[in-house]
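First chain written, first letter: the chains are A, B and C, and each begins at residue 1.
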Amino acid sequence: MSDVLLKVSDVSVIIPTEQGTVHAVDNATFSINKHEVFSLIGESGSGKSILGQAIMRLLPLNAMFSGKVELGGMEISALSEKEMQKVRGKIVSSIAQNPYLAMNPGIRVGTQVAEPMQAHLGMSKEDAKSRTCQALKYFDIIPPEVREREYPFQYSGGMLQRAMVAMGTAANPELIIADEPTKGVDVLKKRNIAAIFQKVASKGCAFLLITHDVGFARAMSDRIAVNYCGQIIEIAEKEPFFKEPLHPYSQALLDAVPERGMHPIPGPSPSMIEMPEGCRFHPRCPNKADRCLKNPPVVEINGRCVRCWMYA
Amino acid sequence: MIKLLKNRQIALSLIILGGLIFMAIFAGFLAPYDYTEKDLQNRLQPPSSNHLFGTDNLGRDILTMVMYGAQASLLVGFAVVSISLAIGVTLGVLAGYYGGWLDEIIMRLTDSFLAFPSMFLALAITAFLGQGMENMMLALIAVEWTVFARVARGSTLDVKTKGYVRASRWIGASNAYVMIKHVLPNIISPVLIMASLGIGNVILAAAGLSFLGLGVQPSTPEWGAMLNAGRTYFTTAPWLMLFPGLFIMITVLAFNYFGDGLRDALDQKMKNIELEGRF
Amino acid sequence: MLKADNLHYVYTSGLIKTVKKTAVCGVDLEFFPGETVAVVGESGCGKSTLAKILVQQLAPVSGEVFFNGTKLTGMSWKNLRKFMGKIQLIPQNPDDVVDPRWTVEKSVAEPFVICGGFSREEISANVDALFAEVGLSAEHKTRYPHELSGGELQRVVIARALALKPELLVCDEATSMLDVSVQAFIVTMLKEIQMKRGLSLVFITHDLEAAKAVSDRVLVMYAGEIVEEGTNVFDRPLHPYTRALLDAARYMSLEVLVPEDIGELPYGFSGCSYYRLCRERTDACKKPQKLKDVSGRLVRCWKSK
């Protein structure tokens, strides 16, 4: 039996806007294994959030999607909306950034956490309530019986974040998509988010972590994919990646991190509407050559892939 | 600006309003007759090729009177709203910006005006001051300014907390500078929407006052006054009331439609500002 | 250059029952020309409040701030105007501090307009120079704030802050909302500007690595107090809180959750503010702790030697 949980094949998303057509995602191909934490790192505006939305089929209405997404062998990109609703929350779930926006302030926390259980697992109210208490206890929200009846405003920020994760994992999804969970968050909270995610991952859930926080990705992941200008340009296991990033953009990105000296990446970021010809990174690449004006192939080396002429 | 015109509601209503304004301005050229011209031989004629809208009880051509009536109604509408806007926005911004006792005083003043049902207030003032277009306009201003004061105050309170106001004060800007250069431009959207909706309201109110005999002099062509004059002939010669009433309705509808369209378009613009470029 | 003595700030809130929260408690500090100082701590430790007090946007409940010897606290707004250009604040969210209805060019020109005494040509030339200094091109000038990316807009804010030739720039989490590569760009740019203009930089951040990379000196704040201050703080942390912060930044021992909120100390407790969460606490910690000089480092803990 295959270990592959999510398979994304040649997914492209095009969004028409007033300024022009945005090629948000261009032929994304990767797979996530069961129980694996997979990080998609890249800068804001490079299209990685859109890729996450595309997998969940929650794209903006005017976006055009092409390609195939398979979850556990089943092609979810072709499902009807009604069928997709059964998939969301049950098999794939997403965790929002801000708990205060994701939770309804007028409904008790326990009810909100129990909702996916009742909706997707068909549990009765009593069963869901006891499962909720278990979940709250698992995430250190104690005493669970009391907290279950409280409203979001009675929770502290960190606790509400954990409650939100409890809600997202209530129906025991196989895959969780977390989009920028650490944006603007301070050191201690970030560390706790990492701790919570690890707790969830230890129960067997796979993660697609979309983030620009390289340090967070490093602490959490098994495998890393790098996104640049709508394309996935490198996929590798964590340790080999951080020890020796192959793609020049990956190298530049890692050099920009404070620990390595905060060296900015030279050149302006590309527009998602008018992209450079051929390799999208070539205008800023220290190793650019004539062949870079043609689209580089995706090369497999030692179990890793890189989209660069240097390795062809 | 030009993007606003792409909105169908705005474009359509502007065409209608444009037509009405054109008619009002060039009534002298367009009207087939002189509105003072009485033709007692041809009183109460139904619409015909000679008189497209028929004639009234003194033989005057109704089409002509409707055209000239547009002048009065539109003039009242624009004038009252502009002056109310000027008074209301000034007081509202001062109240919102300074807060404290100034806010209290201005708000109590607004409340006291708002405590009366608007029609009654207008009636009372016109009855007190006497008939005439200027007095009617004063009465309508007295009613309308409170709307702008409230909107302006609310928006000012919102803008006051923004970082750029603090940043300007922080480099040494005076309060007057901040109010004129930062607050006013940022509250203009809701105020404009209120203004376009307000013109419709004012025209309707003016028509109502004239209908009741207060307002313009009886022989001036004004849609409300025409409605009043046509009352007695409603069953025998309904066209005396029909056409001015129709035009009141079209004008107010067009202004409301414009205001709604403006509101939707500006809302959309705000939403786009938030969504743009931050995938 | 900028000196602060014994600053206190207390937030009061609540209508019927007033709740007081001490945001800044007895902070003394001094900044010298040309240096870069980082102030680190978790959210809620009072660093933003401290920033606002230093730039005079907030008046402290007690304590004084001096700029080149002149006392700024308590000065009337009219007199303070002369100093306003000298100390500038760069806040976290650039969207909030530029007027969305103005082109960015107009926003950057604003300090000159308000200050007065510049001709139109001078203002235009100055604005052009400032845009060039922050690496923005002429075509950015006529854009509106919502048309620029976060990093570009933050650069506009920095350009405006530099207009009246400040001597001190306080960056309050100025790069927290930006990507790592944009952060690197802006920090490098700020350091270049600092060298060129000889100004002092204060970086308020919760990113410990960034603080270490950019600064000469680091101040660690907890619950409104400075608990450690000095150079090489992250290589050799002396205060238990600094150590806890470093462990968290390195994602150590992820099996346990660390408390995120500073929380309230029990009423009447006058000992170390970190007592409740300190892993190394003892009974001696129940006495109030003062900043001690431990071979060039200031630490608020009796244990450090």
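Please note the rule applied: contacts are C-beta pairs under 8 Å (C-beta built on N, C-alpha and C of every residue); 3 or more make two chains touch, one makes a residue touch a chain.
Owing to the predicted nature of the structure, the values given are computational and were not obtained by experimental measurement.
K.L.:
Which of the two pairs, B-C or A-C, is linked by more C-beta contacts?
P.N.:
Pair with the higher count of C-beta contacts: A-C.
K.L.:
If every chain is reduced to the average of its C-alpha atoms, which one ends up farthest from chain C?
P.N.:
Measuring from the centre of chain C, the most distant chain centre belongs to B.
K.L.:
List the centre-to-centre spacing of chain B and chain C in whole Å, with centres computed as mean CA coordinates.
P.N.:
Computed value for the inter-centroid distance: 51 Å.
K.L.:
Centre to centre, by mean C-alpha position, how many angstrom separate chain A and chain C?
P.N.:
Taking the mean C-alpha position of each chain, the two centres sit 32 Å apart.
K.L.:
Scan chain B for residues touching two or more other chains and write them down.
P.N.:
Only 277-278 qualify.
K.L.:
Can you list the chain A residues in contact with two or more other chains?
P.N.:
Within chain A, the residues that touch at least two other chains are 44-45.
K.L.:
If you look at chain C, which of its residues touch at least two other chains?
P.N.:
149-150
K.L.:
Spell out the residues on chain A that touch chain C in their complex, using ranges where they run on.
P.N.:
43-45, 140, 156-158, 183-184, 186-192, 194-196, 198, 212-215, 219, 252-253, 256-259, 261-265, 269
K.L.:
Name, in rising order, each residue of chain C that touches chain B in their complex.
P.N.:
55, 57, 81, 84-85, 89, 91, 93, 96-102, 107, 110-111, 114-115, 146-150, 160, 163-164
K.L.:
Looking at the complex, which residues from chain C come into contact with chain A?
P.N.:
Residues in contact with chain A: 42-43, 92, 149-150, 176-177, 179-185, 187-188, 206-210, 212-214, 245, 248-249, 251, 254-261.
K.L.:
Can you name the residues of chain B that touch chain C in the complex?
P.N.:
162-164, 166-168, 170-173, 177, 182, 185-186, 273-274, 276-278
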